[in-house]
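Provided herewith is a single structure, encoded as structure tokens, for subsequent inquiry.
Think of it as A, B, C, D and E in the order they're written, each chain with its own count starting at 1.
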Amino acid sequence: ADIIVVAHGQANDPFWSVVKNGVTKAGEDTGANVEFRSPETFDMVQMSQLIDAAVNQEPDGLVVSIPDADALGPSIQRAVEAGIPVISMNSGSDVAKELGALLHVGQSEFDAGKAAGEKLAEMGGTKGICVNQEVGNVSLDLRCDGFAEGFGQEVTVIPTMNDPTEVQSKVRAALESDPDVDTVLGLGASLVGEPAVEAVKAVGREDVLVASFDLSAGFLQSVADGDAAFAIDQQQFLQGYLPVVFLALNAEYGLVPGGDVPSGPNLVTQEAAAQVIDLSAQGIR
Amino acid sequence: MSAENLSQQDERIRAESLATKLMKKPELGAIGGVVLVTLFFLATADSAMFTLSGIMNFMTPAAQLGILGIAAAMLMIGGEFDLSIGSMVAFAGMVFGVFTVNLGLPLIFAIPLTMAFAALIGALNGAIVLRTGLPSFIVTLAGLFILRGASLVGLKLFTGGSTQLRGVRDAVEGDFLAPLFSGDAFTGLFGWLASIGVIDSFKSGAPKVPGIPVEILWFVVIALVATYILVRTPVGNWVFATGGDTNAAKNSGVPVRGVKISLFMLTACAASLVAIITVIDAGSTDARRGFMKEFEAIITAVIGGCLLTGGYGSAIGAFFGAIIFGMVTIGLTYTDFDQDWFQIFLGGMLLLAVVFNNVIRKRVTGER
Amino acid sequence: MTRPIIHMESIKKHFGNVIALNGVTFDVTPGECHCLLGDNGAGKSTFIKTMSGVHKPTAGEIFFEGKPLSFDSPREAMEAGIATVFQDLAMIPLMSVTRNFFMGREPTKGRGLTKRLDIDRANEITMEEMRKMGINLRAPDQAVGTLSGGERQTVAIARAVYFGAKVLILDEPTSALGVRQTSNVLSTIARVREQGVGVVFISHNVRHAMAVGDRFTVLNRGQTLGTAVKGEITSAELQDLMAGGQELAQLEGSLGGTI
Amino acid sequence: MSAENLSQQDERIRAESLATKLMKKPELGAIGGVVLVTLFFLATADSAMFTLSGIMNFMTPAAQLGILGIAAAMLMIGGEFDLSIGSMVAFAGMVFGVFTVNLGLPLIFAIPLTMAFAALIGALNGAIVLRTGLPSFIVTLAGLFILRGASLVGLKLFTGGSTQLRGVRDAVEGDFLAPLFSGDAFTGLFGWLASIGVIDSFKSGAPKVPGIPVEILWFVVIALVATYILVRTPVGNWVFATGGDTNAAKNSGVPVRGVKISLFMLTACAASLVAIITVIDAGSTDARRGFMKEFEAIITAVIGGCLLTGGYGSAIGAFFGAIIFGMVTIGLTYTDFDQDWFQIFLGGMLLLAVVFNNVIRKRVTGER
Amino acid sequence: MTRPIIHMESIKKHFGNVIALNGVTFDVTPGECHCLLGDNGAGKSTFIKTMSGVHKPTAGEIFFEGKPLSFDSPREAMEAGIATVFQDLAMIPLMSVTRNFFMGREPTKGRGLTKRLDIDRANEITMEEMRKMGINLRAPDQAVGTLSGGERQTVAIARAVYFGAKVLILDEPTSALGVRQTSNVLSTIARVREQGVGVVFISHNVRHAMAVGDRFTVLNRGQTLGTAVKGEITSAELQDLMAGGQELAQLEGSLGGTI
């Protein structure tokens, strides 16, 4: 079977590279011919064109992430009209059915942020910052919004560029200029989580809670060592793996699960961290 | 005056083949690259790529990029850069979204107002460049950040906190101007062609290609108009002169200030045209629209033969440059290459296409 | 003497801390050729640039046809009827000869939206004007950057003469020209002068100046050394003035007085 | 020759104040901007910004950017661009990581090998530019894509599937060269200063600022060396000449090919120096390191007064340009402004700083 | 006659479809000044550019001191002892006079890592050499772009003379110079020629050519019209040849034969 995956995150993004690894693994396991495609930046216009390109090749199944239902809707509907089974993953759980997708595998970004916020508030956080390395990327913005809602206290979004040194300096600046800040949530483990831990160390404030979305071996090590609170894992390997398997089975036997599959959120805390470090280093978690 | 009236034919000119004459034109320099890239994909890509729907599929992004690229090429010929056009796509998209969704204006007002807004900002860019004498690179770089930030702030303000503004498609539904800026043209024709089986259709009977996406028409028309202006009007001459040597142009009586400001307004308007088309098509806009497009527009112009130093280039070159870029970025999805290799491939193809142009041109014109 | 077309009064021009002109007075009347002479760096080019709207004088006044006036751009000066051949020629190397020739004043045909460059007529005029100056161009679409030094200079002169209206300013126009082209340029100066145009002619060649000049003003180190009328001054005297009163190097072959 | 021996003092030169003389140097052009930005933050930012630790905090990213910016400035003076340096940071980081972690080489081999690798690629860039005669913009743009893609492919290959290669810190731990490329310098001095209370310390007694991050020292040293080379050596003269007019330089006997290739090698080496420092500091490297840094490096050089057309600029200018950029990006976090306004602010401050430089310079030197 | 330093045999040079040189033969011996004359666009500059390594000839052979040779770059020609003043001067407008003067051949002091530009000596030499040519520079660090046309040309000449070794090629060196500077340049040519340097001198001024030339070669439309030795030809004949045998325009003031 030919299965094409179109995602909004790039192959060199640590999070999405794990999704891609899941896709590849599923291809190997099922014998399906899978392709992973993504635009070069968070670009909904280009992504819709990639979906169109996929539809033109008339694959046996199409997997898409849907961060912007308005922009991607027509292309997805075109796929459905063309008789291609579509499964959505990662984002878009609320619109998947409407657009004609068979089911959704993933986690709502907003809910994940909310779960993290609730946990951090419970751990004693009173004033938080949400470090966003790609402001305007709707799925990242939703994480911060969810965090603000779940946290229930004051939350400031700190926009940064894509550079760990700069992230570290900015987190330091935020902590130094406002001593009340006691909670840091990063939206990416290696790019934000790790430098944030360094920044907290540099200002000498052991009381600051650091949590981060997604996993990286370095950040998990910090969690295991007690330098960071937890990592929010949506087991994105599943988001790549399951839809491909489902579609492969669908192509072969016409099988399809009855409902959405929530892949997360799953908070990785100190106890669990050590076990997943190795898997993370291999790009599986 | 000497009484002689030498034969027009100079003995110091060798005969020149038609191929040479054509290749000397910068307009045609980029064609070699298009041919090379096409051949490459014919050999490696899924045959779906060169079906009608496949062609429309890669021409659509090429067209959107090309509209920016042609404007950027004209500005570059005039000796300046505009790094703010990518952000302008987001900003104009936001403004347009607010006009249509929040204020509920019909397109006949929303579009000219958006354009006017953009042109104003373009003129401001130009005025700052001229007034301060700073390089436009740095002035429009500030514009890049400011407009991107303003889009974010504006979107949050008008949507009540989100960075995405939705509902544009509904808002413009049924507007008599909408078909000019969204969807496909010649749908009737294509439906008929499908019904008689000339073009492919889905199982449902709908044609696979419902029509020509309007941006492709805009792209072609803009390329033709820009070429006409550059090659056949006094203004075109002024653009070349201004970019070739601002001082010499000014001393020869070219109104360089006017030329530069108009060009900045032009790029801003091109950006807002792309914004309007993509926003209506997508039905939504967000704060990252047009990210890095300024860069891609410049790439397009350079692939098409424009000199970064100004004074040389063509709109048709940028036209082919955009097609090369669009074909390479979308083409990979039709091949079996792993996505991880995408960037290596993109870089390699760009370089190959440009080197190829160059080799062909030198071979044909006999330059050393 | 008729009323001067342009009268420049006590013009000063400073570039940062460099004083290029320190009070120069000069005028040109219709139908005369006024030669501006002087050593290298005396300020001749700077002076005619203030006359043609390129520089704004630091101090001093400009009267155009009797009215005080200050040109804000070369375009304004051009529209007032001043055509200039700059020493650096003001040409765009990457553009063709025709496009350079008509730069800023392109001939058009058609009207309204179809108004467009009349490229055929432009080519024709260019070839014709160049031929008048003694240069047979190979093709009017050759890039100026590939022309020889003299061919390039001729384009600039032909352009100024073609568009010249009331005043024609020539800054060392014959420096790179061959004998035939030089004699054409000099006779062209004589011709336009007869048509009532005022000509300002800068040259280092005393013989050329004497051949066409009616008055001679000599600049030295940014100041006027004085103005002489034709016939009141000999070649040798003029040459002494131009050299700033300093003696010349001795040459075995000797140049017989005038270089 | 004339017997005269004119007084050296020309009557056509007016006296010039010291301020004028200084401001005429492009080296000092960017100082005005630094002063302006500092004043702005003194007025608006939390006082923590200008404590010792606050200064180190914004100087660290400024230093990393500045090392790239100075190299980019030299290349720009020489008339070329290198858009591949950002990707080169990722690529060299990957190569360095593989040498230290996978192959277990000590730094004394790993660093020179990484540098040699980078220099080779730089030389290749230069050779392609010279050989084909294409603009370096387009050639190194291909490099941007190719190196970025190669980092991804390489990382996945060497880590078995992850885009992050870790364990570098452990691998280089205890290496005698490590203190040169990571951590802080003068820690003893700072510890002593803290113990006598000259600088702040934590409750634990450790100084708040343990020392000067090594990248800051590299930054300063490189700025000085680059300035010396540009201003005081024949090679510097060749760089200016090559960028000012390649043809004239070649005709005057400047070895322009050698100059250009060396400059491309230099930028590549600067990128790999930054890669080595950041990789050891972070202990890991990933495929997105150095993203957009080529762009920021060019911005830095332009803020510092380099002309995009080549032949003019300075290393000290780029030095101050990097400090302005670092201060502005980090500074806003210290203020009470809404962070959504970050980009608007960044753009506005950049523009203001550059305009201010310009106004000051014109006022002082009396240019029109 | 002594053996020529450079002998160029049947040189052809095409630019795309333009034939600039169509078989030119030329040589220069030590201690002579060989003038290259001809109309605008005759190919003089192109010819000397093939001599100084800028262009590679399309066909033809170059012998340097008897050995067949082809320079791959101007630097190689320079190292072989050929110094050239190009018609476009080959100077960088944004750089200072001194830096232009020594471009590519900078004087240094110190050794090893402390080897650096000897900027003081360079400044001194520049000022001194310029003074010898009759130009008193205000400051050696003035940008060349702000010099007057003649000042700029003088820098190029002074540079070539200062570094000149075996052959000195001057392409219309005096075109923008004042009378004093011209006489200095001509006497400099006479001086270096006496030192055994071979000089190739291009000019449109018959008087200048006659003053210093030993042999005269005239080009016309890319071909040699012939070579004459001093004394065998009169000014008027030479001028006729230079004009390509076409009659000159008539001038009321008349230029008395030679322009």
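Operating definition for what follows: a residue touches a chain if its C-beta (ideal position, glycine included) is under 8 Å from a C-beta of that chain, and two chains touch if they have at least 3 such contacts.
Predicted, not measured: the structure shown is a model, and the values here were computed from it.
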Can you give the shortest number of steps from chain A to chain B, where adjacent chains in the path must touch? 1
Chain A and chain D share contacts with B
Just grab the chain with the largest centre-to-centre distance to chain B, centres being mean Cα coordinates. E
Of all the other chains, whose mean CA position lies farthest from chain D? C
By number of C-beta pairs in contact, which two chains lead? C-E
Interchain centroid distance [CA atoms averaged], chain B/chain C, Å: 43
Chain C and chain E: spacing of chain centres that average the CA atoms, whole Å: 26
CA centre of chain B versus CA centre of chain D: separation in Å? 33
The distance between the C-alpha centres of chain A and chain E, rounded to whole Å, is 71
In chain D, which residues are in touch with two or more of the other chains? 1-2, 12-13, 148, 152, 156, 340, 342-343
Residues within chain C bordering two or more other chains: 18, 88, 134, 138, 180, 184, 246, 249
Residues of chain A touching 2+ other chains? 11-12, 135
Every chain pair meeting the touch definition is listed as A-B, A-D, B-C, B-D, B-E, C-D, C-E, D-E
Chain B-touching residues of chain C, taken from the complex the two chains share: 52, 54, 73-75, 78-79, 84, 86, 88-95, 99-100, 102-106, 108, 115-117, 119, 131-132, 134, 136, 138-139, 180, 184
Under the definition above, what is the set of chain B residues touching chain E in their complex? 1-4, 11-16, 20, 365-368
So in the complex, the part of chain E that touches chain C is made up of which residues? 15, 18, 38-42, 44-46, 87-88, 134-135, 138, 142, 146-151, 154, 172, 175-184, 186-187, 190, 204-208, 210-212, 239, 242-244, 246, 248-256, 259
How about chain D: which of its residues touch chain E in the complex? 1-2, 6, 10, 12-13, 228, 232-234, 236-238, 240-241, 244-245, 247-255, 311-312
Counting only contacts in the complex, chain B reaches chain A at residues 46, 48-49, 51, 53-54, 57-58, 60-61, 64, 90, 148, 151-152, 161-164, 166-169, 202-204, 206, 208, 278, 281-284, 286-289, 291-292, 329-330, 333-334, 336, 338-340, 342-343
